[in-house]
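The first chain written gets the first letter, and so on, giving A, B and C; residue counts start at 1 in each chain.
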Amino acid sequence: MADLPGEELHALVSRLYPITRSITGQGVRQTLEILSSVAPLRIVEVPSGAEVLDWTVPPEWNLREAWIRGPDGKRVLDVRDHGLHLVSYSVPVRARLPLSQLRPHLHALPGQPDAIPYRTSYYEPSWGFCLTQRQLDSLPEGEYEVCVDASLSPGQLVWGEAVLPGESDEEVLVSAHVCHPWLADDNCSGMAIAAHLARRFAALPRRRLTMRFLFAPGTIGAIAWLARNRERADRVRHGMTLTCLGDAHPFTWKRSFAGTAEIDRAARHVLARSGLPHQLIDFFPYGYDERQYNSPGFRLPVGSLMRGRHGQFPEYHTSADDLSFVSPARLAESFAVCSSILELLQANGRYRNLHPDGEPQLGRRGLYRALGGTDIPGLQFAMLWVLNLSDGSHSLLDVAERAGLDFPAVRAAADLLLQHGLLAPA
Amino acid sequence: MADLPGEELHALVSRLYPITRSITGQGVRQTLEILSSVAPLRIVEVPSGAEVLDWTVPPEWNLREAWIRGPDGKRVLDVRDHGLHLVSYSVPVRARLPLSQLRPHLHALPGQPDAIPYRTSYYEPSWGFCLTQRQLDSLPEGEYEVCVDASLSPGQLVWGEAVLPGESDEEVLVSAHVCHPWLADDNCSGMAIAAHLARRFAALPRRRLTMRFLFAPGTIGAIAWLARNRERADRVRHGMTLTCLGDAHPFTWKRSFAGTAEIDRAARHVLARSGLPHQLIDFFPYGYDERQYNSPGFRLPVGSLMRGRHGQFPEYHTSADDLSFVSPARLAESFAVCSSILELLQANGRYRNLHPDGEPQLGRRGLYRALGGTDIPGLQFAMLWVLNLSDGSHSLLDVAERAGLDFPAVRAAADLLLQHGLLAPA
Amino acid sequence: MADLPGEELHALVSRLYPITRSITGQGVRQTLEILSSVAPLRIVEVPSGAEVLDWTVPPEWNLREAWIRGPDGKRVLDVRDHGLHLVSYSVPVRARLPLSQLRPHLHALPGQPDAIPYRTSYYEPSWGFCLTQRQLDSLPEGEYEVCVDASLSPGQLVWGEAVLPGESDEEVLVSAHVCHPWLADDNCSGMAIAAHLARRFAALPRRRLTMRFLFAPGTIGAIAWLARNRERADRVRHGMTLTCLGDAHPFTWKRSFAGTAEIDRAARHVLARSGLPHQLIDFFPYGYDERQYNSPGFRLPVGSLMRGRHGQFPEYHTSADDLSFVSPARLAESFAVCSSILELLQANGRYRNLHPDGEPQLGRRGLYRALGGTDIPGLQFAMLWVLNLSDGSHSLLDVAERAGLDFPAVRAAADLLLQHGLLAPA
């Protein structure tokens, strides 16, 4: 598997973490700028008010400051201390009000008294603050001063994409949402891994498939991309969303709508052969942006790779999803798995045995000797399997699955047979 | 599930029970008359001698009296005491003969010494009596007088059918055999439930599918119906035979020939979600009239719902299948299951998501608020699933099965989406 | 199942065993002559140098003598003592050389010190001797005299085939390799059983399918046959290679490439109903000549029946595979299984129910009485199943599998229905 020091990934996560991002605004721009230092990103803008599929791009939200002062005049909350303190997309407010009137605007988690929850209000004009239950319980009665100095005004929805052209214009789409503030696993981990994947594959000499790495705000970003790229979407043959890839949970591959797409089989093969604990689950129409890609009007074969599952771990969407929740080792593991899936897709051709009648005489061509000199396990069997299945209808992954062999061994066998003129692309 | 007091069903079973029915004759007419008091039956007659498929309608059999007098002149058996005492379709006889010559005409069950067996001889001209083993053992030697005062003469084969027109001329067929005398479970239970289903669905405002409730003598009745209704048979899209539905056994759904018909899936869904013990078994070409409907020349997708299974419980085809063997509670349960299966079929449309590209913005339409105000579990997920799968090729049952949701929740979600213009019939 | 005394099979194995066969030469001719005493073999020759698919027929190898004399002038090895002592296809040599120079030409099995290994060098010109590890360890230092008096010269590749014409020119192919010397299980057992199968089926009156029994050298023989019989190969509808059928291992059926060919299902049915321990394994492109028949240019549906599996038992390809390793009882069992598979294929027709609408009235035709008079279990159910499934698309094996009945019962039911004009070939 591909090797990238987990520390490099964690360092990038650490740079991305403390930014008060939302679905629009400077936070997203700053995030894309950081990612541009790793991957060759092109920035795309769509103006507020633009109609994208069934949605409308909202006004751009920019925040200057947001805080609450207590009865004693001291700041009890400041978004500078933690980006989750403010409900994302809060409308501007400047007011003095008693605790009783403030309370409806305060959000905490009674069951996790030390964690700040993550809340948003993108499409309902309202404002609010988030804090720990412990802090909420300690607030004295009295009058509070509240300040949300934010603007909601015509601007842009922004995303970044890195495209690596291949021999074919058929595409692999790798998509990571970039809107969540101050959450390390969800989704600084996905952004960091996607960016490094783009860097790695940009450096590889030969790519069969075009690759697109998309860094967009959740839901509205994916919807806007789909609205503006219908013809490109038609070329997406494989895809995955990346999220929550730095924590210590086992891997989960959430299948595409069909469940039997090539990327579903590639993910299954790589995970099964990785020796790492994992599970495969069927598609369902909630979660991350795979729900948009798999909608009936598109049905792009996009699955989702994650460790912690959407809504199913206590740190999910709270301040406990911080930099200590993600580790270099897990990030490196996740990167290696993603990289292997993409390598497999790039290498998964279909071939034709040029001597399909009986077995070709391998001994005469020195291919038995060749076998002696190699240490790729299973290469001999792999050659016989590739010859037998290369009738134009089986991909190398088909061969690996049917033969019970590792994909790299099958790929190596195919390369050897290609060199000896026994095989040709189908 | 639909609610009908079991007592009402049991009362109907009790009226149907003590009639000495056979495949033709007054017993069937009387039975259909009773059923007409519940369901809007049309009576159909086919004359004796008519050729129906590979069969010929037999002469009509009518019975006046049948008894045996012992050596002391007293009646030892009388069909008035129990309809099973006479072999059905016995030819007329009036004779005096010693016990040794009478014995070959007497049928009992050595293994169930207190039960009278049920025997027939429709197509072999013969006569016989059935009695308990205990009674048989107690018969003294001597001369017996035997009387079967019956007529076999040109007449009619008779059946009843209730047809409830729907928006489509595609049909659901519900079929119950009406020939067995003095057997409560087999098949007064099936007749009673089918008649009440007809009454219930006749009262419902909107039916997609036409419904046909057929009350016919076993084998020859189904064959005659098929012979006389070939073009109607072509319109049967779903069907089930109902039998033995008042006893305490778990439910059995016997699949149609294909095993994957919509009604097979509907029955599986309803039974699985009912919480009631049940099993699903594959089609086999013996049992009740499903064997005729599924014959290779018709292959109608007709399954069979039962509790006690054909030939597999000791009371089967004996006098132990009496009114105490069936209970109001079990009849009510069976009615509810049948009703749910039929409701599901009626409601199992295919729809098209009118905003198939990405997810429609539900918040803007107040559908998130709508969700808060309802208490149908799973409705929110159901809406997302209906939207995702409504590409014209999936029925609502497909949605329910894939989503792991109850059909009524999926149906409710579809109704809500229809109201908001997000869905249209496919 | 068919009955042939195992002793008769073992006697044939014993005659075939002590011949120093190879892929060409007098050993093969002598072997085919012995087989001709049982089966009506035609001998086919292909000259050395002929191009067959991707291969070239090698020169014919004939051996006069081969031995080694020790330093004391006594023979320490002689191929007359055991045919495995010489590496098959050794080039001629006559030399005196010290033990150190002889050693690289000596082959033994350190892990099985009492067994002589079987080695070949068909396509690399070299020579060598095989002996037990114990013997090798006991060789004193000194000068040895080596003699391989063999010829490699233009000649013939030879095979035998017995063809039994059937009503159709669609063929069943039974193939056994005939090249291994002095190995009883691999493959004197396969040859003996195939020859006796040919004899048995030649004696049967009516054959639907043409049967071809092929006795050819491994790999090059199958390849030459395919090269010279392309149009015949196109008619092969079912096939199996027979090997290692006299040992005490459970049966293994190795499926054809497709895995769902009729012969795969026939083998599964016969083995499952035999009560004998067995396993079914998927095709893989190594093993015996099934690898050639299933190559992508032919894809003949040829499976393989064996007991001991290729390379997976310690006696495999050693002198321990001798006459005591195979037993009359196991050979007889294997013959019976093969015979049942072939009988099933011969009898596995498709029929059409001539009264497909509803059930035909069996009573009127005396078929219920017929049932009483027979003792074939399941015949009554078999008749109903055959009637129901005989819509032209189901074979009798389909009926047996779906009904859970033995094939012979289904076949008997079909014969009865044919006699009564209720069935016709589809």
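Please note the rule applied: a residue touches a chain if its C-beta (ideal position, glycine included) is under 8 Å from a C-beta of that chain, and two chains touch if they have at least 3 such contacts.
This one's a predicted model, so the numbers in the text were calculated from it and none came from an experiment.
Overlaying the C-alpha trace of subunit A on that of subunit C calls for a turn of 120°, given as a multiple of 5.
Counting every residue number used by either copy at the subunit B-subunit C contact, under half are found in both chains.
Chain geometry summary: the mean Cα position of subunit B and that of subunit C are 55 Å apart. Residue positions of subunit B with contacts to 2 or more other chains are absent. Per the touch definition, subunit B reaches subunit C in the complex via residues 53-55, 123-124, 219, 222-223, 226-227, 257, 284-286, 291-292, 294-299. Contact residues of subunit C toward subunit B in the complex are 353, 355-361, 363-364, 381, 384-385, 387-391, 403.
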